[in-house]
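Listed below are the structures to be examined.
Below, subunit A partners subunit B and then partners subunit C, in two separate complexes.
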Partner chain A sequence: MLTITDLSLTEAKVPHLSGLTASFQPGTLTTILGRTGAGKTSLMRAIAGLLIPDSGRIALAGSDWTRLPPWKRPVAMVTQQFINYPHLNVRDNVAFPLVRAGVAKPEAAAKADAALTRVGLSSMMDRRPSELSGGQQQRVAIARALVKKAPVLLLDEPFVNLDYKLREAFREDLVELLATETGTTVLYASTEPREALQMGDQIILMAEGRIVQSGQPRTVFAAPASLTAAQVINDPPINPIPFRQTSVADFGALGQHPFRLPPGAYTLGLRAADIHPGGPHQAEVTLTEVTGSETITHLRLSGQHLVMQEKSVVPRTPGDRLGVSLDLGAGLVFGADGARKEI
Partner chain B sequence: MYRQKYLFLLPGLLVLVAIILFPLLFTIRVSFSSWDVYNPGLNWVGGENYGRLWEDARYWEALLRLTGLTVGTVLLQYTLGFALALLVWREVVARRLFRVLFLIPMMTTPVVMSVLWRTIFHESLGPLNPILEGIGIGAVPWLSQSTWSFIAVMIVEIWQWTPFMFLLLLAGLLSLPNEPFLAAKIDGAGPIRTFLSVTFPMLGAISVGAILIRLIEASKIMETVYVLTSGGPGTSTETSSYYIYIRGMRDFQIGYSAALSLTYLIIMIVTLTIVAKLLVRALVRDQA
Partner chain C sequence: MRTLYLTLKYTAILLWSAFVIFPFLWALTTSFKTANGVTGGATWIPWVQYEPSIVGWQSLFGGAGGINVMQPFANSLIVTLTASAISITLGTLAAYALSRFSFKFLWMRNSDITFFFISQRIMPPIVLAIPFFLMLRTLGLLDSLPGLILVYVALLMPIAVWVMVDFFNGIPRGLDEMAWMDGCDPVTTFRRVILPNAVPGLVVAGMFCLIFGWNDFFFAFTLTFTQTQLLPVAIVSLNSSVTPWWALSAAALVSIAPLVVLAFVVERFLSKGGLAGAVR
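What follows is the complex of A and B.
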């Protein structure tokens, strides 16, 4: 089991990780979800040994790794950039970690060939990385990581620099590939909640160098522990709508709702899918994004910026007036401290 | 009309003929003459000068000496230059200062630098021997004994031209992408293995260029030998260029020195072409 205990890391006086504690079971895929700058890459690099933490401990099966140089750690890693050796051909790129580990060259080459066949590059083994497309280069990096058979596999947003279609295809391929890697602890960093919800056995939400929540993806999605967690795991982003609770929840111009809560100030986290077109509230369209078969509409309503999600393609232009309804009862309620309240 | 385009080539061709072809063709003609201090002019003597050259043991010894000197100094310059470049490549305290300091020898004039080194090597007045005596090594006959004179010439050459290697290799190192080094760490390569498997091969093309430039330059060594040892003691530090200079400018055997020069030129062109091909094959090879 890979464990990190109270891990803190500062770079150029900026804290990147603050007191992280987590454990990762062998044979599981954990998705680390967070926005850019949340500390995902720092965590990955600290585990790989590329960054040295200020304090805390990293251990695999009880063996302390914290001060171990990266080349002595049984870790494989795929990064956002398509990192390969430009002076080696594809086969030698993949065989590189095996040769370094003392595997005989013919055996290493055979294993590299097998790994390249698995990632669909059997016809390109003699080419240089510069002769491949971005997607193919990343497949080479993935093959190199898989061939090492390391007990810990770190995937740091491996598909972020690929186009949308390719990303979808790669994600499916990767899930199939990882299914055969029994006993490997896989950490997959992502900024995309959908990806995280699809892939992981476990999910860890990170924000500002801290773990804000962890657990099974569906559980975390259904019941985020805090407003920060809800913001991290929702895409499109959750709409934070402040309200004051008296005998009922008073949303001002947006109406009232009969929540049973102690009096005070709260924030309602309303998912974009819980705002619907056609309703009593007149909103102004500020931006429309069509992603695949969905439409994300950014609205201004009573001085509040809201995001609405529709499962269809609807042409709208900024400045349009649109009647909307808000399903306030479907929202999540967070207290002044940010923690979610049961309603 | 269409042929007029060739007129535009004429100025370039004239310059080429004037500065390259004419001197070369004239030298070839002179090499077949007996032009010397008693007999100036292009008196045709056929291949007499080349026959004499073939039997001139001093010329071939100078060429052999030059080969040793060139290969030895360039290899050491490359090794030291690479080491220095690696030293100041990454985060080192005051690395900018070191980078400038390492370049100073290259900026000095070879003649001036040779005079300084002759003073340093001076066996009774120079500062080097007292230092060597002080640390228990004892005085060295730097300029009066054959082997030590040769070593002295090598030291000065290495001292002056290592910065050139340093400069080119440092530029090469600074232009390398960081990602392969990151990958090498993850893939289990320690610092030495990373150097052998990543840094060195990735600098293959620059290494070949730097070595070839220095081989060409080092094979023309003249000023250092002239000022430091004058080819002595005896002929122990005499190189091809210096010998050709003696025959041509001191003995004024113009016809013979032209034959020496042309032979030297052909040998250099053939040798350096072969060396270039071997270096490219060894250092910029396809690693498939």
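What follows is the complex of A and C.
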């Protein structure tokens, strides 16, 4: 089991990781979800040994890795950039870590061939990386990471530089590939909540160098522990709507709702899917994003910026007036401290 | 319009080619002339305009009125190749360190240290000549091949460092890190991953070192007397009360021959895009 305990890391006086504690079971895929700058890459690089933490401990099966140099850690990593050795052909690229580990060259070449066949590059083994497309280059990097059979596999947004279609196809391929890698602890960093919800056995939400929540993806999605966690795991972003609780929840111009809460100031986290077209509130369209089969509409309503999600393609233009209804009862309530409140 | 453009373009190329090739051609014809051929006006066609002679070439190999350039040629070869090899080796290691690790000495950082290296070349040679002379005299290395090699290393290594720092900076650090994760310690990473990808840089640095080393006259002249003569000094020593243009021309051709061969050999290594496919 890979464990990190109270891990903190500062670079150029900027804290990148602050007191991270987590454990990762062998044979599981954990998705680390967070926005850019949340600390996902720093965590991966610390586990790989490319960054030395200020404090805390990293251990695999009880053996302390914290000060172990990267070349002594049994870790494989695929990064956002497609890193391959330009002076070697595709086969030698994949065989490289095996040869360095002392595997005989013919055996390493045979294993490289098998790994490249698994990622669909059997016909490109003698080419140089520069002769491949971006997607093929990333497959080479993935094959090189898989061939090592390292107990820890770090995937740092490996598909972010690929186009949408390729990304979807790769994601499915990767899940299939990893299913055969029994006993490997896989960490997958992502900025995309949908990807994280599809892929992981476990999910870790990160923001500003901290773990804000971890658990099973659907549980975390259904019950985010805090407003920050809700903002990280929702895509489109959750709408934070402040309200004041007296005998009822008072949303000002947006109406009231009969929540049972102690009096005070709260924030309602309303998912984009809980705002519907057609309703009493007149909103102004500020932006429309059509993503294949759905429409994300950005609205201005009573001085508030809201995002609405519809499961259909609806042509709208900025400046349009639109009546909307808000399903306030479906929202999540967060206290002044940001923690979620049961309602 | 296009015809005019092509005409102008090729005319310019031809004129420039003539400008570049003319001195070589002139030296070549002169090397096969004698005093009569040289003083009889501009002549080009052997046997028609002048009677060719190999006296000039003979004088380079111990013939009448000349010297044997074989020993100075060998000396130049030994000094240049050895100094260049040492400079490239040390300079490449220094450049990799400067490119990849952060150094701090008093107020100086990596860029200051890199500039310190190249600043050795900013100074006029005469400033360095006296310290070098005194240093070699103290070490008992004046007028010797080891002494010249030492001085040339001091002169050539800044060039190697300067070229290679820039080249290593162009190699993504991600490549080093990936090699570490593939089980290479920093030395193996340098040897197995970085160096093979730095070949074009090494070739450029090597070319600079060889050209500067081979063509140097000033230090070869000021730091040697009679025991250790390098080719540029030997060529100048051919001059006497009567300038033997034929011998000088032959010697000039001998002195540029290695560099011409070198240029043809290394040209194929100077391919652009050597790092394509490293990091996208």
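The rule is short, and it goes like this: the second predicted complex is superposed on the first by the 343 of 343 C-alpha atoms of A that agree within 3 Å, B and C clash if a C-alpha of one lies under 4 Å from a C-alpha of the other, contacts with A are read in each partner's own complex, and residues count from 1 in each chain.
To be clear about the criterion, a contact is a pair of C-beta atoms (placed from the backbone, for glycine too) under 8 Å apart; a residue touches a chain by one contact, two chains touch by 3 or more.
Keep in mind it's a predicted model, so treat the numbers as computed, not measured.
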{"item": "Subunit A as common anchor, with subunit B and subunit C clashing or fitting", "value": "clash"}
{"item": "Touched partner set for A:161, first subunit B, second subunit C, both or neither", "value": "second"}
{"item": "Subunit B versus subunit C as contact partner of A:270, first or second or both or neither", "value": "neither"}
{"item": "First (subunit B), second (subunit C), both or neither touched by A:60", "value": "neither"}
{"item": "Touching partner for A:91 - first (subunit B), second (subunit C), both, neither", "value": "first"}
{"item": "Contacts of A:137 with subunit B and subunit C, given as first, second, both or neither", "value": "second"}
{"item": "Which of subunit B and subunit C A:70 touches, first, second, both or neither", "value": "both"}
{"item": "Subunit B versus subunit C as contact partner of A:47, first or second or both or neither", "value": "neither"}
{"item": "First, second, both or neither for A:109, with subunit B first and subunit C second", "value": "neither"}
{"item": "Contact residues common to both interfaces of subunit A (with subunit B and with subunit C)", "value": "48-50, 69-71, 75-77, 79, 81, 83-87, 96-97, 100-101, 144, 148"}
{"item": "Subunit C - residues contacting subunit A, complex", "value": "172, 174-175, 177-185, 188, 192-193, 196-197, 273-280"}
{"item": "Subunit B-touching residues of subunit A, taken from the complex the two chains share", "value": "48-50, 69-72, 75-77, 79, 81, 83-89, 91-92, 96-97, 100-101, 126, 141, 144, 148"}
{"item": "Subunit B - residues contacting subunit A, complex", "value": "177, 179-180, 182-190, 193, 197-198, 201-202, 204, 286-288"}
{"item": "Complex contact set, residues of subunit A against subunit C", "value": "48-50, 69-71, 73, 75-77, 79, 81-87, 96-97, 100-101, 128-132, 134, 137, 144, 148, 161"}
